[in-house]
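Structure incoming, see below.
By written order: A, B and C. Residues from 1 in each chain.
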Amino acid sequence: MSAPSVPAIEQMAGRGAARAAARKHHVEGGSRRPRWLTYLVLTIVLVISFYPLYYTFLLSSSTSQNIARHPIPSLIPEGHFFDNVRRVFDTIDFWGATWNSIVVAVITSVSVVMFSTLAGFSFAKLRFKGRGPLLVFVIATTAVPTQLGVVPLFLVMKNLHWIDTLQAIIVPGLVTAFGVFWMTQYLESALPYELVEAARVDGASMFRTFWSIALPAARPAATMLGLFTFVASWTNFFWPSIVLRSSHATLPVALSLLQATYFKDLALIMAGVVLSVVPLLVLFLIAGRQLVAGIMAGAVKG
Amino acid sequence: MRKTTRKSWAVAAGVAGIALLATACSSGDGDSGTSPTSGSTGSTEKVTLKIQTFNEFGYKDLYTEYMKLHPNVTIVDDKADKSDTARANVQTAIATGTVTEDIVAADVDWMPELVDHSDFFADLSSIGGDRWPSWKTGQATDDAGKLIGAGTDSGPEAVCYRKDLFEKAGLPTDREAVAQLLGTWDDYFATGKKFIDSAAGKAGAAWFDSIGALSQGMINQLKAPFEDPSTQKITVLDADSPAKAVYDQLTSADVLAQSAHLGQWSDPWNKAFTNDVKGAWATQLCPPWMTQIISGAAPDQKNWDIAPVMPGGASNWGGSFLLVPKDGKHVQAATDLVNWLTDPAQQAKVFVQYGNFPSAVKATTDATVVAKTDTYFGNAPSGKIFSDRFAQVAFQPFRGPNYFPINDALGKAYTRVDVDKTDDAASSWKKFETDVNNLS
Amino acid sequence: MATTSTPSAPETATDDEVRRQRRRVGFSQKLGRLDVKVSPYLYISPFFILFAVVGLFPLLYTAWVALHQWSLLDGEGPWVGMENFKHVLTQQYFWTGVRNTISIFLLSSVPQVIIALVIAAVLDANLRARTFWRMGVLVPYVVAPVAVALIFRQIFADPTGWMNEVLGWVGVGPVRWGSAVLPSHIAIATMVNYRWTGYNTLIFLAAMQAIPRDLYEAAIIDGASRVRQFFSVTIPMVRPTMIFVIITSTIGGLQIFDEPRMYSQTGDGGADRQWMTVTMYIYELGWKNQNFGRAAAVAWLLFILILIIGLINFAFTRRISSESTKAPKRKKVRA
């Protein structure tokens, strides 16, 4: 499909489509390079972002005694890191918990992205009765506090015989109101109705339209949603701590066991924290470029 | 570009689908899948037992040993991080009628609510209640005489003290001599005043960590601190309540001046064990498990010792039980394990290795137990000291269904006055009254 | 695409005409219309089905519980109507919880949104090593709340901790992070901000990236400074996203639980409830005091509070971010 010029699009299909086309033609770079002040601000921001994590690493390389004596550790790690890591592995089933966390996080993110995009597409681009109130209802559901639901949810899980299984964690998280809200909001502005209508005119079914038009358009936001959901699932603590026992624990629950002895061995606990962050940092390295590319690419690829 | 996008979506959906299936198929392991065997002993039948403990019961090696002795039994260690977490888990289980563990451990402080729901638990009388002193079994027996808990450890109290600070204050440092100084609470506080006025006190050392800590010891010496034993009515707010008398004494200015103002279990308290003089404290009410906390928090501190005394007479702080939910899949096998774990022989082993003091009478007089000395505490004969203290415990305070929340609220009342300093004694007690009134 | 041999209608063939031209009517036509009518409901149904089980059922169950005297262990007691609600509303601790929750919420959400906007604007520029900077701001989000709490407890340890040491260098006395009301709120809000600012930054960044560059160029030609561009172009164009972020952080912020709970070892929100939030109060009523009925009442009150504050926020945000450029109306596909 060759692209007519932006003004031509405006003539034919209205301003919305013109804006979308303009985004397509958006040229990166060319604007003036930012000054040193920008980089300074960013450096400060990043130092603030990273320091607590580095501080954790410093603590995990130390011993409880030293931590008590020196609240601000020196910037050079003390070298007990691998000792503490070994003790973490001795105390809890780290690999088992990590595997559980991976399974839960992967399934949850993929599912949330699929179902949220599906629902977002409907709310954003399709007109149906009750659309407005239903969307408001979706948003309102996020106002329901989790603590509220714990006992009834536990009852549901018990009746399904899902106590202490991973399904109990996965199933409640298969699609989230946040995800639906997020994709709706994104597709609202990123998917020009003209494209959808064009597909309809061509005789495509609703699902075909979704699959071929909406999904690709949603890719940047979907990637972001997937990443956010993955991290949220990875770090989720409250509900898993109630419904899982240590045999099927996810990583945060397993790590809380590091505090289980009579005294708090801070170095050990911090080593556990560092270990739990590493897989996510690896994920960042892999998916980071994808994500940023997605954000930069804008809406529809030609 | 489009094609790869669609393909990658398809792949992702496929992966998720397969993973979901895999999870569904793989879960459900962990129990043997055999029909309920609550009746038979099934000595050769494969059984998996899940047991939930908290903090450190010292059972790791015992599990290995038991599994060697009984090859058909697999023990799964389901530790919870704290007593509160374990309590929440057991409560959820009772509230929803679900059994997730074959054996659960419970702290004495929340035993009353479990005894109140003794239907949920199996009868452990077959183990033989005379293994323990009556004050211990009393905490795990319901009105009908059913024993639901097997006692694990106990907490007979002695006084741990810092030799170097005593010396700096011109006080004797020998164990027996220290014991002479602290026989009654009046003696304790009088010595405390001497300490505060001495060079050590002036250098910033305190006499004890917090009045909340002392309260634990003193409450455990009262027969009915919070509730009426016959009616279970809450009496702590009555004018003549013994708990109020304790409160008034502890929140007096003289006593507060001897406090280090550090709430027990808080981060600053943990850290402060490493202090030399300033911010340190000279005495600590010590049940055996406290000795592990001290040595863990300050491994380099060489000056702690244990005095064979408890102001006001014997006191027991803490102690736990093992219970077996009645609707578990392997009640008999679980009871057998509980029987073995709480056997005097095993309890003695745990003490020698981990420091949790036994509650089985025979174990407390066992030769290995009595002979134990503690290198951290200046080679004090900790086994003998605690054994003697244990023998002196005659009773435990009455614990009704509201004991735990009341004790918790009382602790907060002390913290407000001593540690956070948000209230004076009177206003803090008023808030305590509101808390207690809210319980009914 | 018409496949019949009849002459195709002129360029603007409508659905109806195309269909009329096909000899086959009936089933496929009906299917087509059914497809369009039913699909929307079908597509949004996964969420609603799941929600019915996981969200609605607990919500209604809790409403039922709130109207009874209900002990956690003993189960359902007698009907007491609004008694639980009345009792809870007259409790000092409930209002303390509300005070704490709103205080922590304001201390966290307001700086978060502002800082996120600013950093996103900075990241929006044509930077070197874009990926590094942009992923870098998300690093805090990766650290679990439990871990963040542990870390910041060390930082805000009182009397001696990292923060107090540093404050000591500039002569400010040790702040009682662990026992005073406002300092504890600041510490907890800092934890929350640390974790969520990067997240919101990326959300804003995505929205900003979608703003057509020619709007900025037009502004530059008109002589607008960067700051002016920020206020006149960027902010209005990310208005929907701002609304989204503010609503989600309002709802999330008012339910804050993990951070204040992990702030102290005992997890009770302070002996004088200095930092106990409403969700912590629910947990205390339900699990410590075992009064499930009252816990349910507080939960419902919180839910209503969130709805009210959410609506206020929504109205407020719309007003302050509406500018001269009106977003063009989006047309929807008609059934």
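Here is the rule we go by: contacts are C-beta pairs under 8 Å (C-beta built on N, C-alpha and C of every residue); 3 or more make two chains touch, one makes a residue touch a chain.
For clarity, every value in this text was computed on a predicted model and none was experimentally measured.
In this structure, the chain pairs A-B and A-C differ in their number of contacting C-beta pairs, and the larger number is found at A-C. Comparing the CA-atom centres of all chains against that of subunit A, the greatest distance is found for B. Our note on geometry: subunit A versus subunit B, Cα centroid distance of 40 Å, whole angstroms. Inter-chain centre distance (subunit A to subunit C, centres taken as mean C-alpha positions): 13 Å.
Shared interface positions of subunit C, i.e. residues touching 2 or more other chains, are given as 72, 154, 157, 160, 265, 292.
Contact with two or more other chains is made by residues 88, 95, 267, 271 of subunit B. In subunit A, the residues that reach two or more other chains under the touch definition are 151, 155, 256, 264. Residue ranges on subunit C touching subunit A, taken from their complex, read 1, 15, 18, 32, 35-37, 39-41, 43-44, 46-48, 50-51, 53-55, 57-59, 61-62, 72, 119, 122-123, 125-127, 130-131, 133-148, 150-152, 154-155, 157, 160-162, 164-166, 194, 198-199, 202-203, 205-206, 209-210, 212-214, 216, 240-241, 244, 247-248, 251-252, 255, 257-258, 265, 279, 282-283, 286, 292, 295-296, 299-300, 302-303, 306-307, 310, 327-328, 330-335. For subunit A in complex with subunit B, the touching residues are 64-65, 68-69, 103, 106-107, 110-111, 113-114, 151, 154-155, 158, 161-167, 170, 211-212, 215-216, 219, 241-242, 245-248, 256-265, 301. Interface of subunit B with subunit C (complex): residues 84, 87-88, 91, 94-95, 113, 116-117, 263, 265-268, 271, 405, 408, 411-413, 415-416, 419-423, 431, 434, 438-439.
By the touch rule above, subunit A contacts subunit C in their complex via residues 14-16, 19, 22-23, 26-34, 38-39, 41-42, 45-46, 48-50, 52-53, 55-56, 59, 67, 71-72, 115-116, 118-119, 121-123, 125-128, 131, 134, 138-153, 155-156, 171-172, 174-175, 177-178, 180-182, 185-186, 188-190, 193, 196-197, 200-203, 205-207, 210, 220-221, 224, 228, 231, 234-235, 237-238, 251-252, 255-256, 264, 266, 269-270, 273, 276-277, 280-281, 284, 288-289, 291-292, 295-296, 298-299.
Within the complex, the subunit C residues that touch subunit B are 72-75, 91-93, 153-154, 157-160, 178-179, 264-268, 270-272, 274, 287-292.
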